[in-house]
Structures are given as structure tokens and as C-alpha cells.
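Below are two complexes that have chain A in common, paired first with chain B and then with chain C.
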Partner chain A sequence: MPEPLISIKDVKKHYPIGSGLFSKKGKWLKAVDGISLDVHRGETVGLVGESGCGKSTLGRMVVGLLEPTSGEVVFEGNSLLSKGRNKRDLGKKIQMVFQDPYSSLNPRMNVANIIAEPLVLHKIGTSSERKKRVDELLEKVGLTSAHGSRYPEEFSGGQRQRIGIARALALNPSLIVCDEPVSALDVSIQAQILNLLKEIQEDMGLSYIFIAHGLQAVKHISDRIVVMYLGKVMEISETDQLFEQPLHPYTEALISAVPEPDPTVRNRERILLSGDLPNPANPPLGCRFSTRCPLADERCRLEEPPLEQVSEGRWVACFYHG
Partner chain B sequence: MQFRLMFQRLFNEKLAFVSMIFLLLLLFLSLFASWIVPFDPNKQDLTKVMLPPDGTYWFGTDELGRDVFSRVLMGAQAAIQAGVVAILIPLFVGVPLGIISGYLGGIIDDIFMRIVDAILSFPAILLALGITGALGVSLWNAMIAIGIIFTPQFARLARGQTLQVRREPYVEAAKISGAGPLWIMMKHILPNILSPIIVQASFSFSLAILVEASLSFLGMGAQSPQVSWGGMLHQAYSMIFVNPYMMLFPGLAILISVLAGNFFGDGLRVAIDPKMKRS
Partner chain C sequence: MRGPNEPVLEVKNLCSYIPTSRGVIKPVNNISFSIGAGEIVALVGESGSGKSVTALSIMGLNSPSIKYEKDSVISFKGENLLKMKKRQMKKIRGNEISMIFQDPMSSLNPLHPIGKQIAEPIQLHQGVSYQKAKEIVVNLLAKVGIPDPENRLNDYPHQLSGGMRQRIMIAMALACNPSLLIADEPTTALDVTIQAQILNVMRDLQKDTGISILIITHDLGVVAEMADRVLVMYCGEIVEEGDVYSLFKNPQHPYTKGLLASVPKLRGASEKLLHTIPGAVPNPLELPKGCNFSGRCSYATEKCLTEAPNLVETGKDRRAACWHIVDLQTEEVTVHA
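Up next, the complex of A and B:
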């Protein structure tokens, strides 16, 4: 096995809650509670879970917007937690594409300046070199250099997302964290953007961490899928295997939520989860999924199942998997 | 291109547009009044005291025989100076402090905002009187005082707006691109919070004219021979039953200028309302 591009090691992010002047109870909201994950070069890892499961928090820790409470992120052999110049240089290689194509572009900057900003900040090239690079990037994402002088409000959601992708590519990253990059777009545009991301990946050999709240969005782009629930990993698997034979009951429920395009397949078993996501500040004692799991029994409510490898590349955290 | 759109909307607001023309006229007067005035505003002619308006003296004359029309024109200078200085100080002090406070947060925010609260807890005119009293009585010090009392409002406004945009994804994108706090505040926050600040500035401009007139009326602003509308009112005050015209014209000048500032601010607010821009 080659060395992974990025290695997330038992990363946690805990937020203090209710720590007002008069209510110091020392409670913690465990948004991300011990996640380990390797991403290899050229690989796309889908990160799936309901809102509030910590997938975005994890993504933001990877790009350095948040500091983990504990744990380590090792990128190309260097820890991302060390401060200073080193971190800034490493950070160049990890970029992000945002969910909302409207608020992720500064409305007062023209497109060329938006895309060139990372280059300016890292003092790369002269201004004419940067201009050339911006034109290249615009073409790469399917726009033209004439678009450079326009402002974000003149573009549609899909075009804006292309601009966001061009910005993320400016520094030649080796990893891009895509935080639900298509969930805000029309269905017809979603496929275009996904295909663009795929093309870019083939072209530049970069890796993606692709965050989504449903399996449908990551099905076609991911090599591997990580299913998260309440800050913990429930299952890790190759995409095909996951759909063929989900091991975790939560994964099964997510798969049954993916719409079936074939109308002849009727009466498909639909697993509807009862209840809401438990409050992450007060997670269930045993398995976090036990409150909504159809298989849960006494053991699940008291004891937390560890994430165990069941076969090559397949990990699951459930006593009764399969 | 955004400014062209804004200007078009402003043009559609008739009242605001007329107000803008009037304010430009005022600005022009403040620069060139000394060449335009028909008479030297300080030249006394004791043979022609307290005349009512006529063909020669359009606004009449005061108790020393000075031409009131010339004095009203000259008074624009003090008014405009007060307005400009009074918004420049908060723009260059209050706005940066507000942005820093809102963006960095924490202890810096606490300290800045408590200072702001302390200043805001004084009645504005009393604070202005106190500051001019401490600095010495002159138009210049009155303007500084007005600037200081406006600073907290701008700091608060800038801070509030900064809190709204500091978590915007484009700010986070800039962080990922390697931007430091200074870059983010200058390139991403300031341009996006500027609109409400400009509106506030235009309201403050008219308020400053009013405060300057008040201070001069109380004798804490412009000193003779410098002409100011507030000072003229003070003079006319004792003559109100002898020659009411002396009071009418500087009073009207103040009224119209303040109204123009407010109408312009209203129009500007409509013209750059972010909600309308979204559509």
C-alpha cells in the first residue's frame, strides 16, 4: 500500500456548551468524535451523513479552517497542526469548493481577481503571468477569458460553481475538499459540475474528499464511501460493495433513500428511520445509532461497537452487521 | 458597473436627486463663496442697519449694516467644513475600529465596545460642549468634537455589519487561499459593508451641520469674523422683534441643508438596498 496523501488520525472536535458566567457545567458538544481516515492520491472519498453528523466540521479541519481538539492530520508526511510558514505552504495544497455558489464568491470582486487571489496571496508569478494563469483556469472549467472582468452576480449558480472550482485549482492543489458542491444547484447542472470535477481529477491526478448528505450525490464520483453518524464513522467501504451489500443498518437506510430511476422496480423496501437525530450534545450511551436502529437491542444501548475491519477495505461499527 | 446602477436608482428618486444637486451647490459655495458674494460679508455700514430685503440687499442687512445674503453664502463654508470633517473622523477612525472589533472579537471587541458604550452614554450636544470647552473654542475644535461624538455610531455600525459578513463563505475561501486578517478586512469585509456606512455618513453629514449650528449658536463654534449660520442666528436672536428677516434666512439655510442631507441619505439607502440588488 503506498503512503496515503492525507491521513486523518483520531481527529476530534469538541465545542464547549453552556459555558456562560453562571452555568459552567463543562459540557461538550462532540461534533467530530474520533475519526481516522486515509485518502490516497487520485482517490475520491465520499463523506456521507445527515446534517449535524460532523462531516462538514471534519472537512473544515482538513482545510485548516478549524483546529481539531485532538488528533492529527498528516499531509504528505507532515503534520498540519504545526504552526507558521510550514502550515501555510502545506495549506496551499489543500483547497475547498463550497456548497453555496452565491455566498462563496465576494460580490465586490471581479472573477479574474477572485481566481487570482490565491496566487497574489502566495506571491506566485508576475501580474501578467497571473493573468495568463487565470485565463487558463477559466478555460479549464469551461468559461472563457472574457468572463474574467465580470462580477459574480452576472453568473448563474452553475457558472459560479465553476468559478469556485477555478479558484480552488489556482494553486495546483493535490486535495480538494468539496463541501456539498452540487446540492445547491439544479439537477441538470449537477451532472455537469460532477463531470467537470471528474475530468479535472483525471487531468491533474488530484484527490477529493466529497461531502454530501445523501448517497445519491456521491454514488457516481466516489471510489470509497465513509458513512458518518453523530460524529463517528459507521462504515467505510468501496462504493460498489457498499451499494451491493451494505453492512451497517444506517447505510441500508441511506441506500433505500436513493431514488430508483427504474419504474419497473416497484415495492422496493423503503427503510424509514423513525425519530430525529439525537442531540449531539447528549449522544446515546452505547451505539449512537441505537435509538433509531431496527436491529438494536440491550447490548447496543449500553456498549459502543468499535469500528472493525471485516474484510479488505471494509470497516463497520455494528455488532450485528450484515 | 454596480455604481452606475446605483446612480440610476438615485436618479429615479426625484427628491434625493434634487437634494444631491443642492448639496453640490452648497459644496460649490463653500469653495467659491468669497468670489461670488455681492458684498464683503464683514463690511459694516452703519447708515444701513437692519434693512428689510430689497433689490440691493436681497436678504436685508443686520444690526451692523452687513449684507445678510453675503453672510448666508459665506456661512455655507462653516457648515460644509463641519459636515465633511465630522464624517471624515468617524470614517477613518470609527469604521476601522468597528471592523477590527467585529472581525477579531474577543477581548479587543470587549474593550472597544465598552469605550463606545461610554461615549454613547453622554448626550451628544453636552459631549460636544465638553470637548470644545476642553480643546478651546473655535470652529475647528467644534468640528473635531462633532467627529468624536459621531465615531461610536460608525464603529457600532461597522462592527455589526462585520459580524454579518465575517462568516461568509467567501471570507473562509480567502482564509484557505492564505489570506491574513488585514487582507480579509481590507479586501473582503470593507467593500461589503460600505453601503450602509455611506448611507450613515450622509445622515451624519446633515446632523453635523445641525450640531455645528447649535454649537455656534451657543457661542462654542465659529468665532467672529468667521461667518456661520448658527452664529448669525445667535446674533439675530436678540433682534427678533426688530428685524425677523435676520433670523429667517440663516434659519432657512440650516433647515434646507439638513433636509437635503436627510433626503439624500434616504434616496441613497433605497438606491443601494442589498435586498433590491438581489432581485
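Up next, the complex of A and C:
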């Protein structure tokens, strides 16, 4: 196995919760509670799970927008948690594309300036070199250099997401964290953006961490998928295997819950989870999924199943996995 | 499918327009359809296709800046809702036609306990006491699958999860036994396992009460799971209509074909590249001269650019607005990367 591009090691993010300034009762919301994951060069890893599972928090820790409470993120052999110059240099290599293309672009800057901003911040190139680079990037994401002088409000959601991608590409990163990049877009535009991300990856050989709640998009783009639930990993698997034979009951339920665009299978057997997601501030004892799991018994409610390797590249956290 | 023999609602030549300083926008441009008794009709389209404006026109809730052409008719039980006085409309809205919205948090009043909010339409429309209404509410909450309903009555909306709030909205909408429920993206804001629960609740209620449902969504999966009949909208017009099985099996309009082909498949190996519809929805102020879809359509010919096709009958229970339906039927979807 070659050395991974990025290695997330037992990362946790805990937030203190209390009702007021002086009443910290020592309660913690464990948004991400001990996750380890390697991403290799040229690979796309999908993070899926429902709201509150910690997928976005994990993504933000990888790009350095949030500091982990404990654990380590090692990128190309260097810890991302070290301070100073080193961190700034490493930061160039990891970029992010955000969910909402309406709030992630500065409405007062024109598109060329938005895309050139990372170059300016890192003092790269002269102004004419930057201009050339911006034109290249615009073309790469399917826009033209004439779009550079316009402002974000003149663009549709899909075009804005293209601008966001161009900005993320400006510094030639080796990893892009895509946080729900297509969930705010219309169906026909989603496909355009997913294809664009794939083409860029083939072209530049970069890696993605692709965060989404929609299984369809994740399946389409990912090589491997990490299924999360309330801050923990439930299952890690290579994509096609995961869909052919989900091992964790939560994965199975997630796949089964997706409405399929085919009315002839509408009466299929389905696993319908009862109840709501538990409050992340107060997760169940034992296995976190035990309150909704059709297989759960006494043991699951008392003891937390560890994430164990069951075959090459497949990890599951369940006592009774498929 | 029970068929549109006895329509509960009939929309005829609905045409709405907004005069702006840069020209007239037509959010809904001359659409006609009907909803039969006990039927679930899905209205699909992308943002800006006019599906929500259509729903709000039925409810009489559109902003006053939206005007209707004179011959537009929305006929409900023989009366034209568009010609109705505000006071008459109030008697229908929430009573005979009710609606649920995408975001249940912003449709519930945060200052009142949910029991009181659900009881309100019952008291208002049925003239019963709060005590009597409360009994009805407990029944309704049990029906939409809320555990321990008696003790939920005094909860405030913020104490409930998104899925629970949407159940509350459904309970509220059903409070007065309406004959039509309009559901505008009812599950878009919910997690997928919760979405499955809510869709189930809606389906079961439909079976129990025989209510007609107009469901508005952009998700073709939701359409396939729920609908009897499907209306596809594009740029304010209905471009295709059909019963759900034949429409998904054999989409006739290139736009419907494109939409269906651009959804990533959950079964089988992943496609390398997805089918895409090139370009984007045109600006409503600069619509093409001929067919609105012509700029993005791979079948478009000279005629499509100059002359807009009408929605015509193309088979049993099928309508489509395209000049090329005949050629389309004989060939498979051509996938363009």
C-alpha cells in the first residue's frame, strides 16, 4: 500500500454544552467521536450519513476550518495541527467546495477576483500571471474568460458552483473537500457538476472527500464510502460492494430508504426505520444505532461494537453484521 | 389509478403574469390539468418551472404582484377559485383544500403549543369547543404516527424534530377532512430515512381517507413512489403528462427523458459519466421564440426554434408538447456525455 495522501487519526470534536456562561456542567456534544480514515492519491472517499452524523464537522477539520479536540490529521507526512508557516503551506494543498453557492461567493467581488483571491493571499504570481491563470481556470470549469468581469448575482446556481470549483482549483490542490456540492442544485445541473468533478479529477489526479446525504451522488462519484451515524463510523467499504451487499443494518436501511425513480419497484420490501435520530448531545448507550436498529438486542444496548475489519478494505461496527 | 372521471379540481388555461420594468414574466403559461377523486398527481420540474406558483394559485396565496389572465379558471366543486371573494376563499382554504410546505419550522407558530395550533382550524371551520377539538387532535396525531399524542399537545415546535414537525403539519392539514391536499416539496428538508417515513404516512392516509393529493417535487424518486399521474413542467408550461408507469417506462418529451437519464442509478455498477441536459433553464425574460426547451434539446430542428409545440394527446392518458414525438418513440435515449 502506498503512503496515503491524508491520514485522519482518531479525530474527535467535542463541544461543551451548558445553559449559560457559568453553568458548564461538564456535558459535551460529541459531534465527531473518534474517526480514523486514510485517503489515497487520486481517490474519492464519500462521507454519508443523516444530519448530525458529523460528516461536515469532519470535513471542516480536514481543511483546517475547525480544530480537532483530539487526534491528528497527517497530510503528506506532516501534521496539519502544527502551527505557523508549515500549516499555511499545507493549507494550500487542501481546498474546499461549499454546499451553498449563493452564500459562499462574495457578492461584491467580480468572478475573476473571487477566483484569484487564493493566489493573492498566498502571494503567487504577478497580476498578469494571475489573470492568465484565472482564464485557464474559467475554461477548465466550463465558463469563458468573459464571465470573469461579471458578479455572482448574474449567475445561476450551477454556474456559481463552477466558480466555487475554479476557486478551489486555483492553488493546484491535491485534495478537495466537497461539502454537499450538488444538494442545492436542480437535477439536470447536478449531473453536470458531478461530471465536471470527475473530469477534473482525471485531468489533475487529485483526491476528493465528498460529503453528501444523498446516496445516489455519492455512489456515482466515490471509490470508497464511509457511512457515519452520530459521530461514529458504522461501515467503510469500496463503493460497489457497499451497494451490492451492505453489512451494517444502518447502511442497509439508508439504501433501502432512497426513493427509486422506477414506479414498478414501489411496492418492494423496504426496511423502514422507526423513530427519529437521537439527540447527538445525548446519544444512546452501547451501539448508537441500537434505538432504531431492527437487529438490536440487550448486548447492543449496553456495549459499543468496535469498528472491525471483516475483509480487505471492509470495516463494520456491528455485532450482528450481515 | 381511479382516473380523472370525477375531477375534484380542474385547472383550465391557467395563465399568470408579473409585469416588471424589464418586461412581462409568465411564471405559469397556459396550463390545464385536473385531479381526480382519490388520485395522487405529481407536479415535477426544476426551480423556476412554475410548480409552486401553480400550487399557490390554487390556494389563493400568491403574492398580489402576480396577476391572472381573464380566461384562467381553477374550478373546485364547480366554482372558479380565481373569481372568489377573499371571505369565501377563507372558508375553503384549510377546510376543503389544505397545503403542507417544505419547511415545517417556518410554517408553525413558535409561540404556541402544537395542540392549540392543530385545534385552531377545527374550531374555526367546524365551530366546536376547544375540548372537543382536542379529542380530534389526539386522534389525528395518532393517525400520523406521533407516539404518546396526549402528552405531545403542550409541546412547542422547537421541541420536535423535523420529521415530527412535518407529521404535525400533515395532521393540521387533515384536521378538517379536506378533499384535496397540496404538498409542496414535503420531504425535501428531511433526512432520507425520515423521508421514507413521511411518504409512508401520506400514502396510508390517502388510502384511509380517499383524499386527492397534488404533490410538488423535483425528486423523480418521490414521484415514482407516490404518484398515480405525473405532470412535468418546464418554464411555466406542462411539457408532458401521463400515468406514472407509462411515463417512466416510455418518456416522450426530450426534457423528461433527459431528467430521468441524469439521475445516478442506485442499482448496478456506476456509470462513468452521467447523462446531462446541457445549458440551464432560460431566463424568463428572454424565453426562446419557439419551444422553450429548444436551446437545450438534442432533437431540436428549425421548426422547434420558430414555432412552439402544443400539448397534444399522444396515447392513452398521455400528452406531450414536442414536434418530434413520433421520431422519439422509435428510438432509444441517446446519451450525450
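In this text, the second predicted complex is superposed on the first by the 312 of 322 C-alpha atoms of A that agree within 3 Å, B and C clash if a C-alpha of one lies under 4 Å from a C-alpha of the other, contacts with A are read in each partner's own complex, and residues count from 1 in each chain.
One rule holds in what follows: a residue touches a chain if its C-beta (ideal position, glycine included) is under 8 Å from a C-beta of that chain, and two chains touch if they have at least 3 such contacts.
From a predicted model like this one, the values you see are computed outputs, not experimental measurements.
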item	value
Touched partner set for A:Asn195, first chain B, second chain C, both or neither	second
Which superposed partner A:Ser51 touches (first chain B, second chain C, both, neither)	second
Chain B versus chain C, judged by how many residues of chain A each one touches	C
Partner chain(s) touched by A:Val258 [first = chain B, second = chain C, both, neither]	second
Chain A partner contacts - residues on chain B that touch it in the complex	1-2, 168-170, 172-179, 183, 187-188, 191-192, 277
Interfacial residue positions of chain A with respect to chain C in the complex	50-51, 156-159, 186-192, 194-195, 198, 213-217, 219-220, 239-240, 243, 253-264, 266, 270, 272-274, 276-277
List of chain C residues in touch with chain A within their complex	46-47, 161, 163-164, 191-197, 199-200, 218-225, 227, 244-245, 248-249, 258-260, 262-267, 269-278, 280-281, 337
Chain B-touching residues of chain A, taken from the complex the two chains share	63-65, 88, 91-92, 94-96, 98-100, 103-109, 117-118, 121-122, 151, 153, 164, 167, 170-171
